[in-house]
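The two complexes that follow have subunit A in common; it is paired with subunit B in the first and with subunit C in the second.
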Partner chain A sequence: MTSLRAVGGLVIAMYSHLPKYAAAFKTQLQATQEYRANWLLSILCEGVPLLGILLFWSALFAADTGATDASAAGAVYGYSQAEVISYYIVIRVLNGLFPSVWWEVGGNIRSGHLADFLTRPIDYLGYYTSLMLATSSQYILATAGVLAVVALWFREYLILQTDFLSWLLIAVSMVLGFALSCLVGYLVQLLAFWFEDTTGVLTAQHFLVTFASGFYFPLDFLPGWFHAVLKTLPFYYPHFFTTQLYLGRVNFGEALVGIEIEVLWVAVLVVVVRQQWRIGLRRFSAVGG
Partner chain B sequence: MSIANLLPDEAAESIIAVDKLKRSYTTYHKEPGLLNSFKQLFRRRHKVKVAVDDVSFRIRRGEFVGLIGPNGAGKTTLLKVLAGVIYPTAGAVRVLGHSPHLRSYEFLRSISFVSGQRGQLWMELPPLDTFHLNREIYEIPRAQFEERVAELSDMLQIDDILTVQARRLSLGQRRRCELALALLHDPSVLLLDEPTIGLDLPTQRRVHDFLRQYNRHRQVTVILTSHYMPDIENLCPRVLFIQNGTIIYNGSQSGLNRLAATRRVSFALSSKATEEQTRAVTALVRRFAVVAEDGVSAGEDGGQYSLLVDGSVVRELVAELIAVDHLTDLRVEAPPLEDSIIDLFESRGGAGDSHV
Partner chain C sequence: MRYVRMLVTIMSASLQAQMAFRGSFILTCVSTVLEVGLTLVFFNLVFAARPTALGWTYQQVLLLVGTYQLVEGLFRFLLAGGGRLAQLVETGNLDMILVRPCNPQYLISIGRVNWQAVPRALIGLTVVIRGALAGDGLIEALTVTWLAAAKGAGLYGLLVVAAVLMRYAVSYMVNTAAIWLVRVDALQSLAAETFSLAQYPAVIFKRGARLFFSFVIPVLFVANVPANALQSSIGAGMVVQAILTGSALLMLSHWFWRYALRKYSSAGG
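Showing the complex of A and B:
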């Protein structure tokens, strides 16, 4: 009940001050346009590794069946070649959309720069979330071209989800997934209120998020018990679960359970992060300057 | 040296009231060496550091107050408590009727905090874009915004740089834009942390002129921290001197100047001195001792004399005293309390960036 009220209160507060956050979003989007080299970099960083992985799996499937044509290909751990190809494309897009490590929040706490945000009538974490949303939009803008090229390259293996209900579930899971990614990021970043150096935790977070989100390989390749453990963690849902929805690999009942767990995690983390923020501010000493 | 003595009727209209404020931090210490690094993994020696201790003062609307003191004295901590950025450990703080640390939007909209060492401008964008972001954040009506931008860019002469990417501006240009940005929402209280740090002399003068003019024009209350004396001399009629977290001087700038020039003269008169000699010494003490605000500027204790003397007449007094027989242990020194004030005055004249 408390968490529901906390989530509700946060949404209402954000909504009534929406123009502020919209302005922050717009400003960040404007700022990122100043770096034209980023476009080129994102093509290299997104396009090339994705292409590499897809070619690797294509070779595996070809070796396995001795055929290169899609219909003749076998399955790996219940994934057809088309499912594997589509899986990696979708998971990479989601990985670009949901930011995982946010050095800046912790950095601002450590350097004392946070002070300059605290003296303005805006919620810092809300403000920062707006910036992240802009970064995600920028990702779409910057990589749309290169992703389209890769998708065309593998078009005969690309699964296109056409079911309206599935898309609805995907949309819900993406909104919740974005919130979850933000919250996990804040949970770790706000530790900077207590610890001078959080590099270790950040590295662990980065590894855990990347692994447990299924970025490296589909999580159902793992032994059943391992997969079951990962299912209880918040990292599982933004990327892997959403991809499963896209590929149509979960039935409606499983999808609803997944969404429920996602909602639960969001609610729990909202309460924890807000509490962490409140207690952290009391300790904040605004060093420097 | 209670402020109530200096400004009798100000309690009623004070917009900043600080009572017995205390702020402490917990830090931990480590002895040098690898072994001690391992030791501190298991047991840390915590130490409580008091940054601001038992500080009380009042500030009236429209005042321009300088917070001065050596590095680490607690002046920035005090400023940040007033801005609501850090929580007070004990004591009461009211700014415009608000408890700053609660950071209500109403409070935040009526203050501005500017740090000379950090900026709020977006480096990738021209200042005008950041201005527009703050227009939304502070909910400034469009017409008022346009008016403010015109007025401030005229006063600060930043008209032609508002559309240049901030990264390409000089430090002085950026600092002036930061000031304009901080004043767009027409705050009633302006808190400036080292506003001229790193600036060259002409730019410092420009910033000084602007701040003085703005303070007078808008009746905005300004509190400024600095350990750069020209900032204080040009801007702050009133000064709070902070040392080791406590206020050691709270009063006018001219009073501080006088204090910085005083010296303590002490000597002993042996019991062999005649009554006439004693009377002569007493007369000298009466003639030369300045009246300190605490009223105990001169005293005699079993032949031991000690008095505060204005710097300009020390030489004359000493000459008179040397002529007195049976007078020993003549000593002239700066009163210990004021040592750092004098240091501060002596360090004046250097460029603003000499202490970056």
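Showing the complex of A and C:
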């Protein structure tokens, strides 16, 4: 009940103060556009490692048992070439869409600039979520071009999901995944209330999130018991689970269970974040702010 | 000698500064170890399913991945100071470096010795040794004569130094662009991501891409050439080409830096 009240409270607070958050959203869009060449190039950067891994897998499948037709090659850990190629494209897109580390929050706490926000009638988590939404929505637009090129290049092996129900589940999972990513990133940033330097924690978090999200390789390549352990973590769902939904590798029942777990994690994290925020604020001295 | 003393002093000061937050330092080192370990797990899983994929064995891929990590680790440890050039330009603090009685490119390059990159280089070296001992190249040489093994290791060392210079020179030229563009973090990422392609066997690239990554951006010289040298499958021409490319890029980076400085107008720092 506490979790539900906390989530409900946050949604109501954001809705009633929507214009403020819309303004934050717009400001973030403008801030990104200040150095738009740099920003566009950063999107392009994501295409390079993606291309590398796709070329590696394509060569691997093509070389398999000397087959000249890559599609004739056998599956690796139950993944066909089309599934592997589609997996990496989808997971990289989700990785760009969902924020993992947002340095500004910790920076504001350490520098004391957080005091500016405390005196304003705005919820800091709501403000932070607005910035994240702005970054992600721009990312969708900007990656469309890069993805179109990559998709065209590997069109022969790209799986296109056409089932309406699957898309519905993917959409729900993406919304929950976005919330989970924001909350995890935010929670780690709040450690700045306690520690002067959180670089190590952030690096560790970034590693854990990228690994447990299946960014490097599909998690079902790993032994079953290890995969089962990763399933208990919140990082598993935004990227890997959503990608599995896209590839149609989970049935409807498993999909519902996965979404329930995502909802549960969001509720738990909202409560934990709120509590950490309250406790942290008691320690906050606004040095230099 | 003065430059060596300067390097030692900066190394010592950087270590003290980074150890001020010991917990954070250790966590970053552990994360680096895990990150490199994960790359090895990936290749291990792939080669467990396809033992001789792309004409490479797992041991040969260890040489490749280990070499890439060694080169990247050495670069980030000693020569990645150019990454702060954009900040120096933006704040005007570059002026403070330009007036010092020392080569500014040297001072900027070694100005941020990153001890957290040492585990990456050490793991890379360990992986290379493991791959070399398990493979046919160096171990075969060892069984013939120690002299042959020493020659093999020496040649490998030379190629690694050339690779570090290439990585450094390209990176420094990208950072130098900050004098015109101010923000170059995306360009830096693009350079780093492009060099990360070095950990894949060259065979994954088609002919055009192979030429591009040999003569335009020398990605294939970073790990593929030194790894091949350890397997005794490299000609003298390739060694000379690698050394010449490293030297030429280093000179080009210096020329570009001096050209950029002529266009530099202080931000008033």
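In this section, the second predicted complex is superposed on the first by the 280 of 289 C-alpha atoms of A that agree within 3 Å, B and C clash if a C-alpha of one lies under 4 Å from a C-alpha of the other, contacts with A are read in each partner's own complex, and residues count from 1 in each chain.
Keep this in mind: a contact is a pair of C-beta atoms (placed from the backbone, for glycine too) under 8 Å apart; a residue touches a chain by one contact, two chains touch by 3 or more.
The model shown is predicted, which means the values in this text are computed figures rather than measured ones.
Q: Is the number of subunit A residues in contact higher for subunit B or for subunit C?
A: Residues of subunit A touched, subunit B against subunit C: more for C.
Q: Does subunit B (first) or subunit C (second) touch A:284, or do both, or does neither?
A: The answer is first: A:284 touches subunit B but not subunit C.
Q: Looking at the overlay, what does A:59 touch: subunit B (first), subunit C (second), both, or neither?
A: second
Q: With both complexes overlaid on chain A, does A:113 touch subunit B (first), subunit C (second), both or neither?
A: In the superposed model, A:113 contacts subunit B only, not subunit C.
Q: Touching A:48 in the superposition: subunit B (first), subunit C (second), both, neither?
A: So A:48 only meets subunit C here.
Q: Is A:35 touching the first partner subunit B, the second partner subunit C, both, or neither of them?
A: Touch status of A:35: both partners.
Q: Please work out whether A:200 is in contact with subunit B alone, subunit C alone, both, or neither, and reply first, second, both or neither.
A: A:200: touches subunit C, not subunit B.
Q: Tell me which partner A:20 touches in the superposition: subunit B (first), subunit C (second), both or neither.
A: First partner only.
Q: A:122 contacts which: subunit B (first), subunit C (second), both, neither?
A: first
Q: Could you pull out which residues of subunit A sit against subunit B in one structure and against subunit C in the other?
A: 35
Q: If you look only at subunit A, which of its residues touch subunit C in the complex?
A: It comes out as residues 35, 37-42, 44-46, 48-49, 52, 55-56, 58-60, 63-64, 76-77, 195-201, 203-204, 206-207, 211, 216-217, 221-222.
Q: Sort out for me which residues of subunit B touch subunit A in the complex.
A: For this pair, the touching residues of subunit B are 25, 76-77, 80, 83-87, 103, 105, 108-109, 111-113, 115-120, 122, 124-125, 129-130, 132-139, 165, 193-194.
Q: Which bits of subunit C are touching subunit A when the two form their complex?
A: 20-21, 23-28, 30-32, 34-35, 38-39, 42, 45-46, 49-50, 53-55, 181-187, 189-190, 193-194, 196-197, 200, 203-205
Q: Which residues of subunit A touch subunit B once you look at their complex with the stated criterion?
A: It comes out as residues 19-20, 22-24, 27, 30-32, 34-35, 113-116, 118-122, 281-282, 284-286, 288-289.
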